[in-house]
Every structure is written in structure tokens, then in C-alpha cells.
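One structure follows; several queries about it will come next.
Which chain is which? They are A, B, C and D, in the order written, and residues in each are numbered from 1.
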Amino acid sequence: MSDVCLIGTGMHPWGKWGRPFTEYGTAAARAALADAGADASEVDFVSGAATVRGGYPGFVAGAAFARALGWRGQQVASSYAACASGAQAIAAARARLLAGLSDMALVVGAESAPKGFFAPLGGDRPDDPDWLRFRLLGAANPLYFALAARRRMELHGARPEDFAAVKAKNAAHGAANPMARYRKRTTAGEVLASPVVADPLHLLDVCATSDGGAALVLVREEDARRRGADPVRLAGLSAAVPEYPVAEPEMPYLAGDPPRAEDGDTGGRAPRFREANARAAFEEAGVGPEDLDLAEVYDLSTAMELDWYEEIGLCPRGGAEGLLRDGATRVGGRIPVNPSGGLASFGEAVPAQGIAQVCEVAAQLRGRAEPERRVEGARVGIAVNQGLFGHGSAAVLTR
Amino acid sequence: METAPWIARGADGPHLLGSRCTACGAVSFPPDRAHCRDPHCPGGDPVVAALPRRGRIWSFTDCRYPPPPPYVPPTDPFEPFVLVAVELDGPGPIVLGQAPPGTALSSLRIGAPAELVEGTAAGPEGRRFPVWQWRPLPDGGGDAQTAGGVR
Amino acid sequence: MSDVCLIGTGMHPWGKWGRPFTEYGTAAARAALADAGADASEVDFVSGAATVRGGYPGFVAGAAFARALGWRGQQVASSYAACASGAQAIAAARARLLAGLSDMALVVGAESAPKGFFAPLGGDRPDDPDWLRFRLLGAANPLYFALAARRRMELHGARPEDFAAVKAKNAAHGAANPMARYRKRTTAGEVLASPVVADPLHLLDVCATSDGGAALVLVREEDARRRGADPVRLAGLSAAVPEYPVAEPEMPYLAGDPPRAEDGDTGGRAPRFREANARAAFEEAGVGPEDLDLAEVYDLSTAMELDWYEEIGLCPRGGAEGLLRDGATRVGGRIPVNPSGGLASFGEAVPAQGIAQVCEVAAQLRGRAEPERRVEGARVGIAVNQGLFGHGSAAVLTR
Amino acid sequence: METAPWIARGADGPHLLGSRCTACGAVSFPPDRAHCRDPHCPGGDPVVAALPRRGRIWSFTDCRYPPPPPYVPPTDPFEPFVLVAVELDGPGPIVLGQAPPGTALSSLRIGAPAELVEGTAAGPEGRRFPVWQWRPLPDGGGDAQTAGGVR
């Protein structure tokens, strides 16, 4: 099977700009087309990552971006999966290209975020777990992150200082990234001195919400070669739901699933969806965690970054703290994680974030990241994230 | 939502109502309505079932800033509250719930026992409705750590 | 290129049942799997058509259906395009199958609709044309339909009696369809006697909103043959945006685009998106309008059905009234349109409707429609619809 | 939305503000902000531009039932209103607008001239804001039918 390649990436800087999401998305799309050396008229598929916070145009983001860029009768799609929206939009584009249904796909995601905690839509919706968790329990996102962080402390000996060290590492990376919203170094001490949001997590442990936009231009590998582009191979991609039962009460659920009676307390547990997606993407790509030169992981909280180390196979369960403390995941270390600065430096722009992760991995594989945060000679990278409702995605890129 | 969902009073106190599959025994909370969610199930119907009212603390945290709507803070100014995830005996599902007001975070320990009590939550326009809460119990000792620690 | 085939279809009857959308979707999915003779464990891709009216689970409909059916780690997607959501979900599934990324796809769409006019979400959103059209103009959907209907009367001599005759025709078809919500015959006189909603359209000219669910099981053609299934070929599919400029103020816009200066008043006009989608689907299928045995068209209003006759090529511009008056589009006529009963008999269940149209075409090509509304010996059918924002879709199925 | 969007007063009366591309001249209403939407455009900036305040009726209808929110009916009980689509002179875009209250549907004809007037619309909590409306003009005769009939 032929592979699909990225030949152009583009971003609108993250921030709180207060403009419609379409402006960020079209700016990113124009940048991606320019980077690809492609004309907009070559695009025959526009794959939008939708946003639920931009009114109706956000729901039909693919069409909204296509219109803003100039309607040309392109095939169009709009995908939504919360934070995994970007990955699903990329997956839609990859499938069309591999199927030969389209020859050049433009993937775009953008968000214009409200301030503060993410909150559900209005109305009374007692069938909606996302509504119930707020109304019944006040369980905003950071509380879910904090439950997992506390659990990690108990099981693996993580300390608040480790969480803070994740932030310090990522902030140092992000300080050199012109696309990041927060471009200053942060010390672990500053994290620990920031107010506690949800014990054990401090304000600086939890990612903010941002405006931003990101876009990719994708073609089949032979077309990338023919064009003389500077391509990055999208070698593996997975956007899967978990396997039942899922023990953890994943956001936004009120409860997890108990184990099957015949499995007993510990038996028959499928890998968590994050591990499963990473495994599936590695398998498609024909590489493994040992081949990775860098990883972009979804650090909704600093503690969650440590979970990811294990879930993508950088170390065994319980090994993340050691990896972090050894400096292995810093730029310059054995396996840099979030050289972009991660969500710690960006703040989350939901449908754009998964695409931005892929932009970052591509920049590193192309040797184009700023020198201070460059992973020299990188040839294999992964980008992983998670949506609400216990589903997520993983993308493996190779050079 | 004016009334407490999924709470019932048994002889030994209040407990949650979930569902149990008539074919495979899969338990779900909140209750499944239409179909069993276990993909290996030969095909059963979810029926309402009382869940154990005790379990072990799986994790816990607190909430220091007022959550956004539709949460309605019961006090003004907002008082932080404690959120607990309890793995029901059985083992049953891990279920989230607030701890009763005044519960100190320092009184909680992963693996320690907890039981369900009825509390009240705030709704719009000053209304209150009953809701389940997790009250930590004096630590039973030995195996508690293990039971809560496995998952 | 191999084709993709439908091997199973399933529906939950349309109505106003008042239950969560996931229940309709899973019921339809189970019916489709049973029809396909497939086990749920064979499905490796769940493609959900999203709904914006079901709370957060509606946005991530693919994952919500996968969860309700029992999570198995399947790849998943959720597509949204208003009324064209179902078509985009089918398109996502087809692409994955053709690419060889998945082997069996389950496409599901379902809606639990509120009563009355569709209204936008809450909040103040002056950047959202769907909000603006209501706040500034009170331009609910039927008004857009009525503007087009009046235009049709002016240009092509349509009469309110013609519109009413469309309803009578479709109601007669739907009366025999157990999946339809309205299963009674309606006379043209009853339509004309019903209250005017937006002149020239009466209440019975405009489709209602319904609950319902529809699902498809798709595999590659060689797998369909190997399974000994009763397959229908998904021979062409298009879900495209228009070409600029679009003269008509399409819902929800406040205005259309003027012609390009150099084109003058009449020159350089691209085909409308509906025509363009139909042409693209015909082209992929290698057939043309002259090969059609039946058509399912999106009769949001009775008058709109007449526009579709021309846009899918059943007759030249201005010929629809003649076709209707001749009885050609009745079951038993030369080219039956909406043998299902159409939206007139179903009422629209947004993300399910496009999938239901395909279910109907498949039922006809398989010779399984109820005798009173069966199109005998049908081998080629089309299903066309339109979303908001001027985009839509067309699917050509062959036997 | 408290103030009227996109209305300005010129010497000859009120007109709409759209955008015109500095490169290709493409006109858009409401105004484009960031980029020209014509895909053939060599790349220009949309600048605010006054649109012709007259045009020809492209189509029309009325609204007999109260539209849902965010529409706020200006009267209680609800009074039906007329909606008109006018193709601006030029030819410019076809722009929707209500007709002034009291306009009879029977006074409208496709192809007949209309001009923009200022009216008021209702917002939440009794607020009013200015909005454009299309007033039908006495029919100029001959070519009107053609102009409106082409598109």
C-alpha cells in the first residue's frame, strides 16, 4: 500500500485573539499551501476538524473553511471527536487519498475558545453525561486530571515536584516556539507556588484554552516525490474507541465499567485506548517505540504526560518518573517529549491541537524547528491525543 | 433535574441503582436502558439493580474554583468540595461522587473504605435535589490498600 | 478500482418517540447487521453521522453508537454536515474500505428532534449566519423554501396545485412504508386547505422534524460476493461544496454572491451544488440520469422536489411540472421519485435521513420494498440531499 | 446585538455596507473580513464598501408563524411579516430583508424595483435595534421583469 505524505504544514499562532475560528483556520491553510508549494486549486478534498464552540459554521467546519478560502466545488468533510477531532480529520483525508478518491487533501482545524473552564452547552440534558457530570458533581475537567494524578502518585510514587518538572521542561521548549501562546520559561517552583486547582494539581499543571489554527496538505507518496516536495510520511494512524470494560471513569462519565464476572478483579483487561491507539499506529507504520526520536503527547495536565510515556511505550508502567528525572524527555535527551512546548505552552485549541501536534512532528522530521528546541536527526515521531468519552488517536510520522 | 436520579433506600441505607444484564450480569452505572454494553454478551436486557453501598477509595481530589454551569454552587461564596472515586465492592464500577461538605482531603486515603450517603445538591433558582455522596469510613486496615490499589 | 457494496440496511421507524438518539441508532445498527448476516465483531470501522441536538454524545455520535453497541476497539469517526451528515458518514466509510484500511464499516445516524421549527443553539453569535438569519430577519427554514418556490412559480409556471400534487404522490408512497412516520394518503385538496406557513407553501408542503435512525453495513465488492450477501453497489458518491459565486441566498445566508464583473449578469455561472453533486456521482458510477430507475430526493418542501427533478437530470430546466403532471414520478410511472414517501412521509431526522434515503434505494434495488410502492426491476437509483450552507450530496447505487 | 449592523446613511438615503475586494472587485454581504472569497482572485483585501440601495425583487414570501429564538417578535400577538429577496443594482448580491410592517404580499412582484429603508427589529428584554428593510417601489415597467428574471 502506498503511503500518504504531508507536504505542507501551517499554523496560526496560539493565543486569545478573539476572532472567528475561520480566520485562524484559513490563515493556517494558506500557510500550509504555501509551504507545500501548492495552489489552492489543486486541493480536491477539504477535511475540517469541527468545533462545537463556533456556532453552526463550527459544526460544518470543512465547508466553512472551504467557503472562506473560495468555494471550488471540492469534496468536503467535517469531523468531530473533541480533542481527537484533528486526528479524525487527518484520517478522513488519508483514507480518500489512499482510496484514490482525491489527489490533494487540505486538513484544517481551528478554535476560538471562550475563557475559563470548558463547560457544556446550555439546556437541560439529563441523558448527556457531559451535562450530568457538571450538574450532579461539579466535575470539571481538571478534577478528572487530578484523580488520575493522585492515582499515579499512589501507584508509582510520582510527586508534585515531578508534575511541576514536566511543566518546566515543556515551558522551556515552548519558549523557543513562535507558534506557542506562552513563550517564557517556568520553574518547578513557580508551578508549586501557583494556586491548587484540584489537589494535587496546581494552576500551572493544567492546560489553558486558546485560540489557534493548524492545517496540513496531504498527497500520496508518489505525488510528493513527483512534486519535489519536502515530504513527511504519515506512516500510521489510529483513532479508535476502547474495548469494554473500561475501568477508569473517563471524562465525562460518572463511572467506569466493572470487570467481567469471569475475569475477576484483575483479569481480562484490554489495554487502555491510549495504549491501543499507539500500538495500532506503530503497527501500521512498521516501527515501534524503540524507533522513536520524539513524541508529542497530550499534556492536558502535567501528570498526564507521565502516563503517556508508558502508554506509548517509552518505558514500562511506573517508569515515567525515572525517565523524566533523568532528563530523557527534554530536548537533548534520549527521547524528547513535547519539543513544541506541548499544551503547557500552547493551551488547548481543541480541533486544531491534534493537527498542530502533527505539524510539530513534521517540523522536527524536516529539521525546521528552532535550534533551541530542535531534535537533531529525527526520523520517527508520534503524536497522540485523547478526546472526551474515552476515545483518542495516535499518528506515527516517518522521514 | 429536580429529583435524585438513581438513589434508593434499602434496609441497610441508601444505595445507587444501576443496571445488571439478565444474560451476562454486566453492571452499569448510570443504568443502561436499551441494551447491554458488553460486546461479548449473548444478548440480555439491562434490568435495574441495587449496587453495593460500600467500596474502597480509588482516587480523590478537590475542587478549589467554582465549576461552570450547569453546576450550581450550593453556597455563596463558593466553598471548595472534595470529589471521590470509589470502587464499589464486588468489584463493582468505580463511581464518582462528592464527599459530604466538611470532609477534609487529609482524611482520605486510596484503598480506604467509603460508604454512600444521601446529600443535597443545588439546582437553578435555589432548588435543591438529593444526590449521592461518598463518606470515608474509618480505615479497616490490611487488605484495603490492596483492594483499591489493583486497578 | 473495486467498488463498495451495501450488504445490510436497518432503520428504526420514524416518529416522535422522545428517547435518546443512541437508542434509535443502535436499533438501526442491529437491524443492519442482522440483514447483512454479519456479527458486530466483524465491524472494524464505525462511522457516525453526528447530531447537534443530542448533547455532547451527539457530537461524537460514532463513539456514542460504538459504546452503546459494545466497545470493541474499532476505528471510529463522526461526521457532520447538517442534512448531508449521513452522506459524509457513508463517504468516510467508503474511503476507508477502498483504501483497505477497514474491511467492514457500520454507518449509523440517528436523531431525537425537538418539536417545531429548527432553531439555532442558544447564545449570542453575531458571527454565525445561522444566528443572524433568525435574529435579524426571522428567516426560519420554510421561508427559504418559500422564496425558492415563488421563484419557481415565476420562472417555470409552477402552481400551488403542483406542489400539493407532490405531497399527494409522496404520501401515497409513504402510506405503504412501515418505516414512515405519516402513513396515510393525503389529497392535494388537503394540502391546499392546510394553513399557509410561508406563501406559497402550506403546512403540508413543508416537512416536519422527526426522530429516527438508519444504518448501513458496507464491505468491498469482493467480500460481498464471498459472503454470499445480497449486495447493492455504492457506485458513485459526492459530497461537495459549491463553486463561487453562488447567486441564490442559500440557507442560512443573508445574501448570495453577485456574478463576477467580467462574467456579466448571466455568464460564468457554475452548476448549482445539487447539480454538481449529482453529476459527480453519476460520473463515478459510469451511468447517467437516463439510466435511473428511481430517485430519492430531499423534499424539504414539495416545491424543492420539482427543482431536484431538473438538477439530477430527469428533465430540462422548467420541465419538472410536466413530468409531475404526467405521473412519471409516481410509483408505476417512468421514473418514480421518493418511492419511500420522502420527507413528506418521514419528516426529517437530520443525520439519519441521508442514510435512510440510501436504505430505500437499496431496498428497491433488492426488490424488497412493499408491493404497493415497489419499483419493479430497478437496477439504478440515486439519493440526493442538501445540508445547510449550500453543500449537499449525491449517491448512486446500482445492482 | 444592540446596534444595526452594516447600515450607513449616504446622501441618497440609507444603504448597506458590504465589502469589495481591492484586487478583483468581488462584493460580499455581510462584508468579508479577512480574505476575498473568490477563488480566482489574485489576492486582495476586502474593504468596506457601500452597496446600491436599490434593486429588483428576486423573490418574496411571508412568515405566518412566529419564528423561534433568537428571533424576537416585535409585537404580541405575533404579526406575520413579509420577507423579500432583492437583487441589488449592478448586479450586486441578492440580499434578504423584511419588508416594512404593513407591506401587503399582493403588492410585490418579482422583477419590480425596491429600495432599502431603515426599520427597527426587536431584541431581548424589549430592546430595539435598527435593521434594513426592503420597500417595494412603484413598478418601473419594461425591463424590470427581465432583470429580475435572469437569475
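By definition in this document, a contact is a pair of C-beta atoms (placed from the backbone, for glycine too) under 8 Å apart; a residue touches a chain by one contact, two chains touch by 3 or more.
These numbers come from a predicted model, not from an experiment.
Averaged C-alpha coordinates put the centre of subunit B at 56 Å from the centre of subunit D. For the pair subunit B and subunit C, the distance between mean C-alpha positions equals 43 Å.
Averaging Cα coordinates per chain places subunit A and subunit B 31 Å apart.
Multi-chain contact residues of subunit B (touching two or more other chains) are listed as 37-40.
For subunit A, residues touching at least two other chains, in rising order: 20, 67, 70-72, 120, 122, 131, 243-244. Judged by the touch criterion defined above, the protein chains form a pattern that is neither an open path, a ring nor a star, and not fully connected either.
Taken pair by pair, the chains that touch are A-B, A-C, A-D, B-C, C-D.
Here subunit C touches subunit D in the complex through residues 116-120, 122, 124, 126, 131-140, 142-143, 146-151, 154-155, 195-201, 243-245, 247-249, 254-261, 265-266, going by the rule given at the top.
Against subunit C, the residues of subunit D that register as touching in their complex are 1, 5, 24-30, 37-40, 58-65, 67-73, 81, 83, 85, 88, 90-98, 105, 110, 121, 123, 131, 147, 149-151. Interface residues of subunit A facing subunit D in the complex, by the touch rule stated above, are 20, 22-23, 26-27, 40-41, 67-72.
Across the complex, subunit A is touched by residues 33-41 of subunit D.
Touching subunit C in their complex are the following residues of subunit A: 1, 20, 46, 50, 52, 54-57, 59-60, 62-64, 66-67, 70-82, 88, 91-92, 94-101, 120-123, 125, 127-131, 238-244, 246, 252, 270, 273, 276, 387-391.
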